[in-house]
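Chain naming follows the written order as A, B, C, D, E and F, and within any one chain the residues start at number 1.
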Amino acid sequence: MSSKHLIEYEHASPEVRAVFEDIMATRRVDQVNNFWKALARHPETLRRTWESLKEVMAPDGALDPLTKELLYIAVSVTNNCGYCVASHTAAARKAGMTEAMLGELMAVIGMANETNRLAVGYRVPVDAAFEE
Amino acid sequence: MSSKHLIEYEHASPEVRAVFEDIMATRRVDQVNNFWKALARHPETLRRTWESLKEVMAPDGALDPLTKELLYIAVSVTNNCGYCVASHTAAARKAGMTEAMLGELMAVIGMANETNRLAVGYRVPVDAAFEE
Amino acid sequence: MSSKHLIEYEHASPEVRAVFEDIMATRRVDQVNNFWKALARHPETLRRTWESLKEVMAPDGALDPLTKELLYIAVSVTNNCGYCVASHTAAARKAGMTEAMLGELMAVIGMANETNRLAVGYRVPVDAAFEE
Amino acid sequence: MSSKHLIEYEHASPEVRAVFEDIMATRRVDQVNNFWKALARHPETLRRTWESLKEVMAPDGALDPLTKELLYIAVSVTNNCGYCVASHTAAARKAGMTEAMLGELMAVIGMANETNRLAVGYRVPVDAAFEE
Amino acid sequence: MSSKHLIEYEHASPEVRAVFEDIMATRRVDQVNNFWKALARHPETLRRTWESLKEVMAPDGALDPLTKELLYIAVSVTNNCGYCVASHTAAARKAGMTEAMLGELMAVIGMANETNRLAVGYRVPVDAAFEE
Amino acid sequence: MSSKHLIEYEHASPEVRAVFEDIMATRRVDQVNNFWKALARHPETLRRTWESLKEVMAPDGALDPLTKELLYIAVSVTNNCGYCVASHTAAARKAGMTEAMLGELMAVIGMANETNRLAVGYRVPVDAAFEE
């Protein structure tokens, strides 16, 4: 996609700027990622997505921020989203992911994808014990 | 799949029994799940899969056992594997997952799947900053 | 893939040329997309795929051409097919998709992917009312 | 999943009841689907998901309600979400989907999935013309 | 789906009956599978799908019928299509798949899904040698 | 991903070198692919993945090496893994895949993806005959 489809802050409407500013303030960065510049093409989607993400990834939940970023990577790898793998790997590093954690993360993602297919391929019936 | 495709311990070969026994000893349970009884149809796959899973999910890694189970659920939900969602949700509860954690886990999985598609749909170019 | 794997009209067999000509005549364009030049490596697949697509995307059906292109984008985004997202977004614009429609399309695709995973993650039983 | 994981209105908290009531009022029905009863286990996710869906599926957008339901089905089929296919097929019928439309919808979804894989399998390079 | 959505031969139109008869004659069976009875709801899709499948799965190609059935299973498992796994596993057995082959098939499918994710997760750049 | 994330033989630890050497000896090549250089970031995953792959893809099984490579491609295309499609297409050619085989392979993969979705979209119930 050419960069003309990315809405830069200086060319953004007040509505879009307000979201960009909240993203930058919440994340303590001075620039938003291309993802947000692309969503800005549809301001309602930009606003709604940011509000939802801000709520879901909030640091004060039952799961800590690093765990949430690792989960995001697991989904993104399984969905084969190159952009998302790149952006959330960067975010996970910021949140404290070490090289050893990354290695185990990839190992778990790989194994889960393998055993998922084995369970489907053999059409394994659900154990009664799992149906609490 | 009818239950005749599941290999029960009493009808298993010594090779299969040895794997079943290691699973039960490692997990401190007195029964293996249907997944393993199905894999037992191909003893090499049973052995290799168990050895790999045992190594990957070992409790002494950089990621703790609960985090690994949550990651397993994230992959299983994204792959839409009903058996795997059921079995790993049960495993995660054993490892300490609370109802609040489950709620946040599902919220993160849902959001990640949503934003993955938005990134693909808008064909967002990867930020230079992510290419360390 | 290097361009040598794309079969250009001038180097194509009569069988392939006939399909290319039908594509160009049907779509009123003077060039076929790379997709067809790649399929031309296997003339039977080229012919069969074009005949099927021509029938399925025919303009006189119960669904109008723009709706069909939007559906094509929804599938392509969910499958994460970059080529397909690019080509069908271009086709949808030709068929009348506005920027506002694109924005809502992406929003629906995103939400559907999110709620799909929530339904799977919570293993929601199908309502009796849906089983007419 | 056993029905005890579904939160019925009579056992719901005021927060959950308020969302259920808004769903029933908006959709003019006297019962919410199992999907919402499952999400009610995590009230924040219930509220956020409903608010987002309500906004995205609003009837006054650039895409009409039937088109949105068809898109929802296309995503749900591609993701292989049984619950979602059942619920959105029912919703699409309510919104006016005829049997002929359903037939064409399935045909388009099938073709899109086929050509998506052909594009990936042949690693087709994106046409310059698509990169406006 | 209730059985009333399946079109039985005795209630089928002449157009649908003709396809059913060709399926039965080609496969030397006296009954068509539920898949075809479901497609019969949209006769054009029934006819087109059968004609395409008949051509693609024809026994005189460069790939033998058993290999094609194994490939069908590999795709169906990866897409998590329960119906398709069941029907093509039955078809593969008819075509000569042994229990040992099934075991290796599942092992390959599992490994491929694992290494696919590792390649995506580590964002491995394509080797120059693969770009002939 | 920049090349600095790929571990070259000359900079590798003895543990990684041993795996690289076994890969090169087994495959009779004088260089390992980028995939292995990337996995080398986590030596345990490199070793375990190679050992598993070596066992699963061993040439003396019930399925011949070419069939296994074709299956690998079928999974990789369905998962939309660009790297994997490129590397296993190259491997399949080495194992004897002809252009005609490649054409039929893609045709089967395409059809399987199409009919998988039709089975899901119509929610086809599994035939009693498949449940041996």
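Basically, a contact is a pair of C-beta atoms (placed from the backbone, for glycine too) under 8 Å apart; a residue touches a chain by one contact, two chains touch by 3 or more.
Quick caveat, the model's predicted, so the values are computed rather than measured.
Q: So which chains are sitting against subunit B and subunit C at once?
A: A, D, E, F
Q: Averaging each chain's C-alpha atoms to get its centre, pick out the one most distant from subunit E.
A: A
Q: Which chain's mean C-alpha position is the greatest distance from subunit C's?
A: So the farthest one, by centre of C-alpha atoms, is B.
Q: Measuring centre to centre with CA averages, how many angstrom lie between subunit D and subunit F?
A: Those two chain centres are 34 Å apart.
Q: From the mean C-alpha coordinate of subunit C to that of subunit F, what's the distance rounded to whole Å?
A: Comparing mean C-alpha positions, subunit F is 27 Å from subunit C.
Q: From the mean C-alpha coordinate of subunit C to that of subunit E, what's the distance rounded to whole Å?
A: The separation of the two C-alpha centroids amounts to 21 Å.
Q: Considering subunit C alone, which of its residues make contact with at least two other chains?
A: 1, 41, 44-45, 48-49, 52, 56, 78-82, 86, 100, 103-107, 109-111, 113-118, 120, 122-123, 131-132
Q: With chains as vertices and touches as edges, which is it: line, ring, star, complete or other?
A: Chain contacts: complete, every pair touches.
Q: List the residues on subunit B that touch subunit E in their complex, please.
A: Touch list, subunit B to subunit E: 41-42, 44-45, 48-49, 79-81.
Q: In the complex formed with subunit E, which residues of subunit A make contact?
A: Within the complex, subunit A contacts subunit E at residues 73, 77-78, 80, 82, 85-86, 105-106, 109-111, 113-118, 120-123.
Q: Quick check: in the complex, which residue numbers of subunit F touch subunit E?
A: It comes out as residues 1, 3, 5-6, 33-35, 38-39, 41, 45, 49, 52-53, 56-57, 61-63, 67-68, 70-72, 74-76, 78-79, 81-84, 86-87, 89-90, 98, 100-101, 103-105, 107-120, 122-127, 129-132.
Q: Could you please specify the touching residues of subunit D with respect to subunit A in the complex?
A: Per the stated touch rule, the residues are 1-2, 44, 48, 52, 55-56, 131-132.
Q: For subunit F, which residues count as touching subunit C in their complex?
A: 80, 99-100, 102-104, 106-107, 110
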